[in-house]
Amino acid sequence: MAGVVDTIISWIFWPPLFQLVIAPGLVAALAIVIFILWFERKTAARVQMRVGPYNVSPRLGGALQLIADLIRYSFQEPIIPKTVDTAAFILAPLAMLVISVVPTAAIPVSPLPWTWPIPMEHSLLVALALTTLSPVFLVAAGWASNNKFSVIGSTREAFMVTAYELVFIISLLAVAAPVHSYNLVEIVEAQAGWRMFAILNPLAFLAAFIAILMSTSGFPFEIPESEHEVVAGPFTEYSGLLYGIDMGAAYIKRYVMSVLLTIAFLGGWKPLDPQPGAGLLAGYIAPLVVVLVKATIVMAVMSFFRAVYGRYRLDQAVDLAWRVILPMALAGYALGLIYGYLGVI
Amino acid sequence: MPPRPSRRRVPPYGFLAAVKGNLGAIAVGLKYFLDPNRFTLHYPREYIRLKPGYRGFIVLNKAKCIMCESCARICPAAAMKMVRFQAPDPRRPGKMKLYKYPVINYQRCIFCGYCVDVCPTEALRHVPAHDVVYYNLEEMDLNLEQFQVEPKSPAEVEGGIPVRYVFDPERGLVKVPEKGQAGGG
Amino acid sequence: MSLDAVRSRAEEALRGVYTGVEEGKGFVAFRVPAERVVEAAEALKSAGFDHVKSVTAVDRPKEGVIEVTYHVSSYSDPELARGIVGITVSLPRDNPRMPSLSRIWVSAEFQEREVFEFFGVVFEGHPDLRPILLIPPLAEKHPLRKDFIVKEEQVYKGGITKLEQPP
Amino acid sequence: MSSPGELKLSGWEVGETRKLPGMDVKKIGKDLYEIFIGPQHPGSGHMRIIVRLDGDVMVEVDPDLGYVHRTMEKLAEGRSFIKVIPLVERMAILDACNITLPYVEAVEKLMDIEPPERAKYLRVLLCEINRIASHLYGMGIFGVFLGHSTMYMWPFGDREVFVELAERLTGARLTHSYPVPGGVRRDVPEGFTDDLRKAVRYMRKRLEEYRKIFLDNPVIRARLEGVGVIPRNLAIELGIVGPNLRASGVEYDVRMVEPYEAYGELDFEVPVFEEGDALARAWVRVEEIKQSLRILEQVADKLDKMPREGFMHDKFWAKAPKLYKDVYSREGRVKLMPLFANLKVPAGKAFARAEAGRGEIVYYVESEGKFTPYRVRVVSPSFRNAIVFKYIAPGHRLMDLPAIYGSIDYFPPEADR
C-alpha cells in the first residue's frame, strides 16, 4: 500500500510534470494570478476611496469574486464573429496561455538536481528565449479578429516588443556575468545573505522590472489594450472563456517573468538552503513556496502601480525604453561585468 | 476688490522633478493604501437618512387641497395632472360639484419640487425617500388614493442601518450611523 | 469704456452698411441687407469683434422672413468684450440663402451648420455645410421653424368621473 | 472558414467598395485608415469622432455630435417661462445652476427686475459649488482617459462633498432648479456655512494631493505637455470658451468682463496660463477650483453677516400670505407664488451670458408678451469647444486624442442640448 502511495507521489512530483503543470507552472500560476487580480482590485479600491469587490463574500473581503468571475467567463457564450479568421482566432489565446507557462520548465526552484525538470546548464538562456514567444500570438489574435481596434492594438504590441525585449534580456544577462554561468541555480547560490543582485545591481533590476511591466502591459505601459483608445486592443472581439484566457495569459506571463526575476535578482529560495539528501518537503516544497511568495510580492508591487500611474503614449514608451531604460540595462550589464572581472561574487 | 486676471505659467519640469514626481505619486498612493478614505455607502445594508429639505417623493394631503391647479400648471414635465370628479356638493344638497385633485406620474416626475413650492396651502410635501421601487411602469402612474400614501424606502423597510454624512476638514465626508427611531425626517 | 462706447465703435465700423438699429436687452443689433453682410462682417472683424458667440435664427412666419443674427464680441480687446453686438439679416422664408461668414469668423462654422439644419438657411460658401446635430431625414423638416409643431400634454387627465359622494 | 486574404489589393481605386466575407470594404485614400470612435466606445462619450489615420497620425478628425440631442430650443417654445429652467438645466446636470442662471437673468432683464442682495450671493454660492463639482467631474474623466484610474475615482469621490453641499442647500443632488426669476428657491439651512468652510479646507488639502499624483506625475506630464497646443490667436479665431480659452492666454471670463450677480463685489483672480497645451488646461482647472474655494469662503462670511431676508424680488414676495413666511422662517424654503405657473413676460429681446464650469454660456430669449417664450437660443460652452476636435486634433497621434478630448472637458449632452 505504502508503495502505491509512494509511486503516486513520485509520479506527481516527477519534476518535468510537476514543474510545468502544478508549481510553479499552471496550477500555482492560476492560483497566484487569481490572488493578484483580487489584490489589484482591492489595492486600487483602497487608494481610490472605494471598497472594491465585496458582495460575493463579505467576510473574506470579496476574495471569492475572482472565482465567481472565472465561473462567469466559463459559462458565457463565446461569440465568434463571422468576419474573423476562426482557427487563428481560437488558437491564438490558447497558444498564448500555453507558451506563457512553458518557461517555468526551465526555471529551477531548488538547488537539488533531482528537482530539475531538464538538466540545467544554460537555463537562464532557455527561460529567456521561451518568454519571448508569446507576443507573436497576441499579434495573431489581434490580426485574426479583423477589427480595426484589434489591429491597432496588436500593432502597438508589436511596437512594444521592440521596446522591452532587448532591455529584459540584457538586464537579465547582467546577473550571468558576475557568476560566469547561465545556470540559474548557480546564480541563486551566488546570492547568499543580503548579497542579492537587486541590491548589488539595482540598475539592471529596475530595468528588468520595467521591462516586465512593459511586456505584460502593466501600468504605466498599458498601451496595447488601453481601454479608452482601442476598447480592449487585440481582445476587442473576444468574449466568454476565450476572453478570460486572453486576460489570464497576460497575467500568467507576468507571473512567470516575476518568478524569473525572483530567481535572478531576489535570491530565489535564498533564506533556505536545502542540502543534498533533503526530503521532498525540505528539498522541493519549501524552496518552491519561498520563490512563489517572493514572486507574488513582486507582482503585488506591479499591481500597486495601477493606482498611481496613467499610461504613456506609445512613442513615448518606446522612446523611454530606448533612451533611458536600455542605457540603464547596459549600465547594469557593465556593472555586472565589473563585478565579474573583480570577482566580487 | 473686483475680479482680475492673473497670468501664470505651468511650473517647469526637469529630470530631478520627474524623479521627485514619481516618488511623490507613489508616496501619496501608499498613504491612501495604508489609510484609505472611503465614502462608500453599503446601500441595502445602510441607507442615508435624508435631511428635512430633501426633494424626495411627493405626497398629497387631500384635506388641505383647495383644487387651485397651480401644481399641475407649473409641472415642467407634465407629471402632475388633475383628475376631475363630479359628485354631490355637501354644502348645497342636490347640486353637483366638480372636484379636482392632482395625481402624479412618477414615470415623468423630475423631482424639481415646483409643485410643492407653489402649493398655496402646503397640501403637497416631500417625504424623505428617494429610492422607492416599482415593479412595472403602470404602477408608477399613481391614482388619488396611492398619491396620499407615504412611500417608504425599501432599505428602511428591510432593516438597513440609517446613516448620515457629516463634513470633516480632514476626510471630507464621514459616515456616521444614526441612532433613533425609523421615519422622522 | 461703457457699453455705449462698444456700440459706437460698432456703429462706426458699420457706417453706411447698416439699415437699422435694434435695441435688445444686453445687446444691440444692426440690420444689414443680405448682399452686404460679408462687408459688414469684415468691418466688424477689423474693428476688433473677433468671434461669434451665437448664430441666432428666428422664424417669423407672419412677416415671411427668417432673421439670422450673428452675436459677436471680442476676446482680444477687453473693452469690447463688455458688450455684445449683433448683425441681423432678414431672409425670405421660402428660399433663405445668405453668404457664409465662417470664412471670416471660423467660430461660426458649427453654428451655421446648426442653423442650416434647423431652419434650412443655406450659407453659400460654407466649407462643410451638412447637418451637425440631427439625422438627415429630420434635418429636412427644419424643426425650429414655427410650422413644425410640438404638442405637449395638458393639465387634465382623462375625462370627468361621476361619483355618488365626494372623493 | 474565411480569411481576409481573399481581398485583392491590386488596381483598387479610392472610393471603390469591395466585398469581404461579412463586410464591405471601401478604400478611402492611399495609406489612410478610418476609425469610428463612438458612440459606443469607452473613450468617446455620447458622440462619434470619425478619425482618419495615416500610420499613427490623425490627418482628419470629424466630430459627429447630436447623439443626445433633445431640441431644447424647440421644446422651450412650447412651455411657460418657468418650465424652461428644469428643461435647460438637463444639458449639464452637474453644472445646473451655472447653466440655468443666464436664462433666468435674461428673463429678469425682460421683466426689468433684479434679485435682492442675498439672492445674488446665494446664486453665487451655488454657482461656485457647481463649478467645483463640474471641474472635478471633468478632471475625473480626464484622468481615466489617460488611464489614471485613481484620478478618475478621487475627483468623483471628492465631488460628492460638493454635491452633498448642494443637496443641503437646494434639496436635490444635481438638478437643483435653484434660481427662478426674481430670486432663489431656498435659503441656506442651519449650520451650512460651517460645513462649507470644512469642505473648503478639505478640498484645499486634496488639491495638493491631486498635484502630486496627477499633475506632477511624470507619466501625465509626458502625455500632456505640448499636446493639443492652441495658440492664443487660434483660440480667439475658433471662439473657444472657458478654461480652454484662458489656458491659451486670453484674459476672458464673464465674471470679470461683465460681472453678474455678486461677482463684482468678490475678491478673486481669474487664472490665465500662457502655454495653451493640455497640461495648461489641466492647471487652469485646478487654479480655478482654488479661486472658487476663495469665493465660497467670502460668500460664507457674507451670508453669516447678512440678515436672513431678501431672497426674492418684492414684486413676487411683497403680497405673500402668512403661510409663505412661516414656511420660510421654519424651513428656509421659498415658496413660489401661484403666478409663477403663468408668468407673463413683457415683449422684448434679451441676451445674457454667464461663465459656466466649462465656459461661457449665452442665451438669447425673445418674448412676445405671452406665457411662453417666442424663441430661446442657447449656445453652450461644449458646443463652442467642439470645433477644437476638427482644427486641433489633426497632426497628433491617435493616442493623443483622449488627452485632447479630456483636456477640453467636452461634455456631449451639453453640446447637443
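As written, the chain order gives the labels A, B, C and D, with residue 1 at the start of each chain.
The rule is simple: contacts are C-beta pairs under 8 Å (C-beta built on N, C-alpha and C of every residue); 3 or more make two chains touch, one makes a residue touch a chain.
Predicted, not measured: the structure shown is a model, and the values here were computed from it.
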Next item on the list: Go ahead and name the chain pair joined by the largest number of contacting C-beta pairs.
Entry: B-D
Notebook entry, point to check: Just how far, in Å, is the C-alpha centre of subunit B from the one of subunit A?
Noted result: 49
Next item on the list: Using mean C-alpha positions as chain centres, tell me how far subunit C is from subunit D in Å, no decimals.
Entry: 22
Check: How many angstrom lie between the CA centroids of subunit B and subunit C, rounded to a whole number?
Finding: 38
Check: Could you state the distance in Å from the CA-based centre of subunit A to that of subunit D?
Finding: 44
Next item on the list: Give me the residues of subunit C that touch two or more other chains.
Entry: 152
Notebook entry, point to check: Mind pulling the subunit A residues that touch 2 or more other chains?
Noted result: 47-50, 307-309
Next item on the list: Among the residues of subunit D, pick out those that touch two or more other chains and give their numbers.
Entry: 79, 150, 157, 213, 217, 251
Notebook entry, point to check: For this entry, which pairs of chains touch?
Noted result: A-B, A-D, B-C, B-D, C-D
Note to self: For a test of understanding, state which residues of subunit D touch subunit A in their complex under the given definition.
What the structure shows: 1-4, 20-23, 33, 35, 41-43, 56, 143-154, 157, 213, 217, 219-220, 222-223, 397-402
Item checked: Residue numbers on subunit A that touch subunit D, as the complex places them -> 44, 47-50, 81-83, 85-87, 146, 148-149, 152, 219-220, 222-223, 226-229, 231, 306-316
Item checked: subunit C residues within the subunit D interface of the complex -> 22, 24-27, 50-54, 56, 58, 69, 71, 75-76, 78, 81-82, 84, 86, 105-111, 118, 131-135, 143-144, 148, 150-152
Note to self: Quick check on the complex: what are the subunit A residues that touch subunit B?
What the structure shows: 43, 45-51, 54, 304, 307-309
Item checked: Partner subunit B, residues of subunit D touching it in the complex -> 79, 82-87, 150, 157-158, 160-161, 164, 167-168, 170-172, 175, 177, 185-186, 189, 194-195, 197-199, 201-202, 205-206, 209, 212-213, 216-218, 221, 225, 249, 251, 253, 255-256, 259, 263-275, 279-280, 283, 287, 321, 323, 327, 331-338, 340-342
